[in-house]
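Per-chain numbering from 1; labels A, B, C, D, E, F, G, H and I assigned in written order.
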Amino acid sequence: MNMSKIVRSAANLLFPFILVFGFYIVLHGHLTPGGGFQGGAVIATGFVLMFVAYSYDFITGRIGAESLHTTETIGLVLFIVTALVAIVFGVTFFTNWMLDVGPVLNNPVAFGPNPGDLNTAGFIPVMNLAVGIEVLGALSVIVLYMLSGTKEEI
Amino acid sequence: MKNLVIGATVLILSLGILYAGVGLEFGAPPFTDMDDYFVSHGQEQTGGNNIVTDIVFDFRGFDTLGEATVLFTAVLGAGLAFRKRREDEDYEYE
Amino acid sequence: MIADTIIMVCLGIGLLFNALGVLGILRFPDVYTRLHAETKTTTFGTIFISLAVIVYGAARVMEGETGTYLTLSVHTFVALLALAFTNATGAHAIARAAHRSGQVPKPAVVDRLQEVRE
Amino acid sequence: MIAFLVTALFAYLVYLVLTAGSGTIGLWSQAELIAGGGISLVVAAISRKFFCRTGEYRMANPLRWVLLVAYAAVPFFIEMARANIDVAYRVITGKIRPGIVKLSTGLETDFGVLLLANSITLTPGTLTVGVDEETNDLYVHMINIGMGTETKESFEPDDVFALFQFPEWIRRIAE
Amino acid sequence: MTEVWFVAVAVLGALIVLTLVRLLIGPTAPDRVVALDTVNTLTVASMIVLSVAYKQTVFVDVAIVYALLSFVGTLYIAKYLGGEMSA
Amino acid sequence: MFFNLPFIVAALLVILGITTMLIKRNLIKMIMGLALVEAGVNLLLVSIGYRAGGIAPIFTSAPDGVMVMPTVQAMTLTNIVIGIATTALLLSFVMVIYRMYGTANAEKVRKLRG
Amino acid sequence: MIELVVHAAVLVGLICAALLVIHFRDLLSAAIAFGIFSFLLSLEFYILQAPDVAIAEAGIGAGLTTAIFIVAIRGTRRMEEVKE
Amino acid sequence: MLDAYTLQTGTGFWDPVVWIVVFLVAFLIALAIWLLGEKEYPRDTQAVKPFLSGNVEPEKADVHMRAGNLYWGFTEAMKGYYSRLVPLHTGVLNDYVLWFLGVMALVFVIVGVAA
Amino acid sequence: MMQELLLQNLPALLLAVPMLGAFVTPLIGRASGGARNLWAVAVMLATLAVAVLLTAQVLSSGTVVYTFGAAAPDLTVPADSGGIPIRIIFAVDAMGAFMALAASLVGLGVMLYSLASATRSTGQNGYYALLLLLVVGILGMVCTGDMFNFFVFLEINSLAGAALVASRVDKGVAVEAGLKYAVLSTLGGLLVLFAIALLYGQYGALNIAVIASRMLFTPLDQIALVMLLVALAMKAGAVPMHFWTPDAYSMAPSSITALLVVASQASLYGVFRVVFTLYGLTLDYATIGWIIIILGVLSMFVGVTMAIPQKDVKRLMAYHAVSQTGYMLLGVGVGLAVLGNQQLLDTYGVIAMEGGIFHIINHAMYKGLLFLTAGAIFYRTGTRNLNQLGGLGHSMKWTMVFFIIGALAIAGIPPFNGFASKLMIYESVFLFNPLLAIIAMVVSILTLASFVKVFHSIFMGPRLPEYADVREVPAPMIIGMALLSLLVILFGVFPQEVVDLLITPAAGALIDQGGYIASVLGGA
């Protein structure tokens, strides 16, 4: 069942805000506290907020478990492939290869305390994004599965 | 009888675990060479300011892959548990 | 140091109201009145505490520190907005749930919602 | 399409606020501006159906936002301070006379109802308990109902708000 | 000046412990949710203050996450209590 | 001794968790006990890495000072995510069991024995 | 010194919340207590200079854990059975 | 040559090749005896019909022994042992956890005493 | 060039290939079931190929060390780190390679078998993905040289196993078994992590070699040791912590049970790794050795006696699995108990350990085979109750042959592989303590007796009317079973080859703590 109109309106307003904030945490993982998991968890909580504000049937009509599952898989594959590409360059699995060859993410870093710059740190932002996508898919789909378990017939 | 066993178990484990808590020294870890290395070299080797993220994704990236796999596993497991099953699929255990 | 004075005053007010809020949820007789205490006073107190932090950050920016204190102020402000918004909505949700679960306001003189539901 | 653009714009603004002070182009660095663009597109793609559910775009008018800020800064804040002193007084003395009353608002939009409900919750001795989904009437728990007024079928805004007329303000902002 | 912030956090911590009394005595679930909300607000306040006390401005993000997300838990409890959970 | 407070609290949390798992018969309560154990282990891990007067291991606008140990924080992060995955899976199982058996009491969930 | 007081307050709260989780027979109340426990744990992480962990615990503990516990309670029953 | 296949067990050895040769020889002997008998087996006569103590054998399905009947004597003889052991497998999750932690506590004590 | 890169990165590929395969399996399965099956088998074959290559590499050039994220795989210690490794390191010695080989072999057999056996149930996408993930968990546990990494893979192993156990809901009973398994393994995993935290708090390192080289055996280390030992022994299913074993093994789909056996062996490998490599020379051998021996003897005896009155065929076999685990614990425990005494070690200690380790791979093979035959019977008859079964020898000839091979192997009848390893255990344990050897033999006899009962009640007797139309199982299942029985026979006929090739290096790798440390830390 839907919750009251006030809660629904509040959730509608908060949803994009939570998403933006989650992506902010994901992308700034190498600069500020946070990273893939934390941001992914925040975004997933945004989805979970939607699950609670609206009824189960309404939500499954708009956000399918299948698509969330696919999102999760995309994140995982992106993660492992990014790590595997390093092998091609003659270095080992999980080497930060983008630090040397990346066109964008190899800005020179200032050492010691500094204000931070978004496009640094090699593949870490890419990894953050991949894990963020994975976690957001996984955590929201698991809540969706559990909600489906509260229905009378499976 | 059983309550006695539970009590003894909890007591002994409490002693052991609490001993572990008291035995470690708070605020002054004895060996810090690995972490010192991360703090002093992490920024130049990975370019990230947040050392924790550097460790999570670069130095110990494989753990992160494993942990993402755990999450994937849990999703698959929950999906299997709540899947729609056919009528004749269940086996009656006697 | 005028900034310091403002910070002290704001912190003092904030803590006072937070303390009153906690006192309120301990003293009041039923869930709705406790919600009054919780929502208004603790939110208000936290707004003042945040104001103290914002003023602190602004003062540091005025003194010519790096931009990070600007980030501090802005983020504190965002936290403040989010807190006020979610607290109000959350309080409404709890009150509604409490009413739906059958809790009557105890020393109430009138309950129009109950009449509608019946 | 318009929903997408509005949501993306909102997301981009939020992102800019969050990353203020990161660089030299205004307050932002080039990378942040580009990343913000990408994020806002993604967020808009996901959330446009929720953010613009009612299909009304009144709130896209910047003037209304200015009004909202003014409302939050002056009447709302003053009422809130008054409310807190009121609650503090009741916490200390314990004098209460609570009850749930109906408040007819005459507001039309969801956003208006939300704003009013949250304002009521945070201001003098009142707490929104329920909302009528059809007529947008609010059921308000009041901590201290004036003697004799509880017999009224439906309260008017005058009975609840002393200094400022919130529904009037909100009507100007949201409708 | 640093001491002031810590004193504020100490007071807030004491208030949090005090709030647990309401959690204990209840008597009903909504009362306990009120305690949850109070602790949430106080935690956010402590975090904001602590980030200044530690002079680490990046810590404020944690407070934002809190302010945004604890709401979701409250909503779930409210939906359950109101008997509106799906099914 | 007194300054070991976080370690002692972590140990206490582990003990409370396993006590819950031993004495409570409700499956959801047992899983809560498991979550308490997990929280205790997390707290232990993080407090192991604390250095007196340290600052967080983040260079972005960091003040001066020695940094606390980052590895344990990475490990704790991993463990938190593993914990939520485990908890969700276990709770799903409990829900299915309740649906099939009509009870979530561990003493009645015992078709498999002997 | 004052830092120690902060520390002690949070840790005492932590233990109290954990005890309450065990104490309540009403699982919903236990879940609420668990939410508070999560908050305090996150605050403790914050005090121990682990903001990354604090965010993770905040994001997961505050929203998701409570949510899945509530869903699980909805899927089973609210009260713990009293032992016969 | 055979050494390559010999499993040395320190004090003894085992050679699968030798074993297989011996096995094959025994098998051949058995086969020969069987073939000898087969030649003289009176097929298609009354003599092959089985009798039990002079009575006709009952239907095969009736004499099929089910698993529950096997080793009845063994379990009966070890009743004292089984009546204690089987109830320990209660199937209650708390007990499983208790056994696990109980053994851990026991090992704590043993290691603590030994140290 | 490409070949060189692949050969250089074998330990990483061993994990990366099945992981990547598992991640995309559900996606492929949503498109087409056949493609998914083909994909899963291909991934498993590739994993096996990598495992074989890796084993060859280990046997030819000693311990293979792989550093994740370094410029070169063997660059374990960075130039300016002061002689400590800082990244995750895979250290695959002979023991690890041997376990990896066993896991991927059984995995391939199970995968082929599943092609037919899983067709009836829904949710196959998740099934195949989880099967690959379970293999990933096992492989990761046996290859890693890092404590925390070990914990992570332990969790993958536990969760994938639990999810698979619960996957056939079976009116909730399977979920009950899965819940018990998951709760116990999670609690065990958390205690393992607690121990890791204690070790980290003292030595500031996670690498096994570094911790081993810094080990002081303080009281805190003893607490950590007990936690690691008991938790991993519980995961391996040692009595009296075996209660989850019959539940989980009997309710899982048969193919999964065969792999769960290997998963338990991986935990056993963890016990050995902790005891020998992590603590090694600092340990109090006699105490820990006797603890392991007593656990082993209890497991043997209680397992086999509990098996005899069972009437569910898979539950019976599960109790036998407990009993066989006891042999391994006994063998390696005897080896540990005399580790300090070089003379006794040479006389019988090494042989006992070799027997125990040899039994691991043998057990994985024949127990897997037996569970697969049980699954084949269930597949055709729909029951596992021994009291109802009978007369299947007429219609399921291949299954019967495979069952006989497995049963004789588990009972220790020559020329199958169980005999070879049991012989090594008997003879060496007899020198250590005759009583233990006698118990081991009695248990072996009881095992044979128990399997005679199973064989009789399933296959012997007249064709029963209710199973009149039972036919042989489909070809993929037969191929899967045939693969394992071929291995059983091969290992039984050429035991010395296997011992020389795999077992002796493995036992040597376990005993040689200094060599392990040196190979990881570069002679430091």
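To be clear about the criterion, contacts are C-beta pairs under 8 Å (C-beta built on N, C-alpha and C of every residue); 3 or more make two chains touch, one makes a residue touch a chain.
Because the structure is a prediction, the values reported are computed rather than measured.
Participant: Could you pull out the chain whose C-alpha mean position is farthest off from that of chain C?
Facilitator: Most distant chain from chain C: H.
Participant: Based on CA centres, what chain would you say lies at the far end from chain A?
Facilitator: Most distant chain from chain A: H.
Participant: So what's the Cα centroid distance for chain A and chain B, whole Å?
Facilitator: 21
Participant: Distance from the CA centroid of chain E to that of chain I, rounded to the nearest Å?
Facilitator: One centre to the other, that is 47 Å.
Participant: Taking each chain's centre as its mean C-alpha position, how far apart are chain F and chain H in Å?
Facilitator: About 46 Å separates the centre of chain F from that of chain H.
Participant: Roughly how many whole angstrom separate the Cα centroids of chain D and chain H?
Facilitator: Taking the average C-alpha coordinate of chain D and of chain H, the gap between them is 78 Å.
Participant: If you look at chain G, which of its residues touch at least two other chains?
Facilitator: As it turns out, chain G has residues touching two or more other chains at 31, 49-52, 54-56, 59-60, 63-65, 67-68, 71-75.
Participant: Two or more other chains touching the same residue: where does that happen in chain E?
Facilitator: 29, 33, 35, 54, 56-59, 61-62, 64-66, 68-72, 75-82, 84-85, 87
Participant: Which positions in chain F touch two or more other chains at once?
Facilitator: Answer for chain F, listing residues that touch two or more other chains: 3, 5-6, 12, 14, 18-19, 21-25, 27, 30, 44, 47-50, 55-63, 69, 71, 73, 75, 77-78, 80-82, 84-86, 88-89, 91-96, 99, 109-112.
Participant: Within the complex, which stretch of chain I touches chain B?
Facilitator: 19, 22-23, 26, 68-69, 78, 80-82, 84, 86-88, 120-123, 126-127, 129-130, 133, 136, 140, 148-149, 152-153, 155-156, 159-160, 162-163, 166-171, 173, 175, 194, 198, 201-206, 214, 218-220, 223-224, 226, 251, 382, 385
Participant: Please output the residues of chain D touching chain A within their complex, sorted ascending.
Facilitator: For chain D paired with chain A, touching residues are 7, 10-11, 14-15, 18-19, 22-23, 29, 31-32, 35, 39-40, 42-44, 46-47, 49-51, 53, 110-111, 113-114, 117-118, 128, 130-131, 133, 136.
Participant: In their complex, what parts of chain C are in touch with chain A?
Facilitator: Of all residues in chain C, those touching chain A are 66-68, 82, 85-86, 89, 92-93, 96.
Participant: Tell me, which parts of chain G touch chain E in their complex?
Facilitator: Touch list, chain G to chain E: 2-3, 5-6, 9-10, 12-13, 16-17, 20, 23, 26, 28-29, 31-33, 35-36, 39-40, 42-43, 46-47, 49, 51, 54-55, 58-59, 62-67, 70-71, 73-74.
Participant: Where on chain F is chain B touching in the complex?
Facilitator: Within the complex, chain F contacts chain B at residues 1, 3-8, 10-12, 14-15, 18-19, 22-23, 44, 47-52, 57-60, 67, 69-71, 73-75, 77-78, 81-82, 85-86, 88-89, 92-93, 95-96, 111-112.
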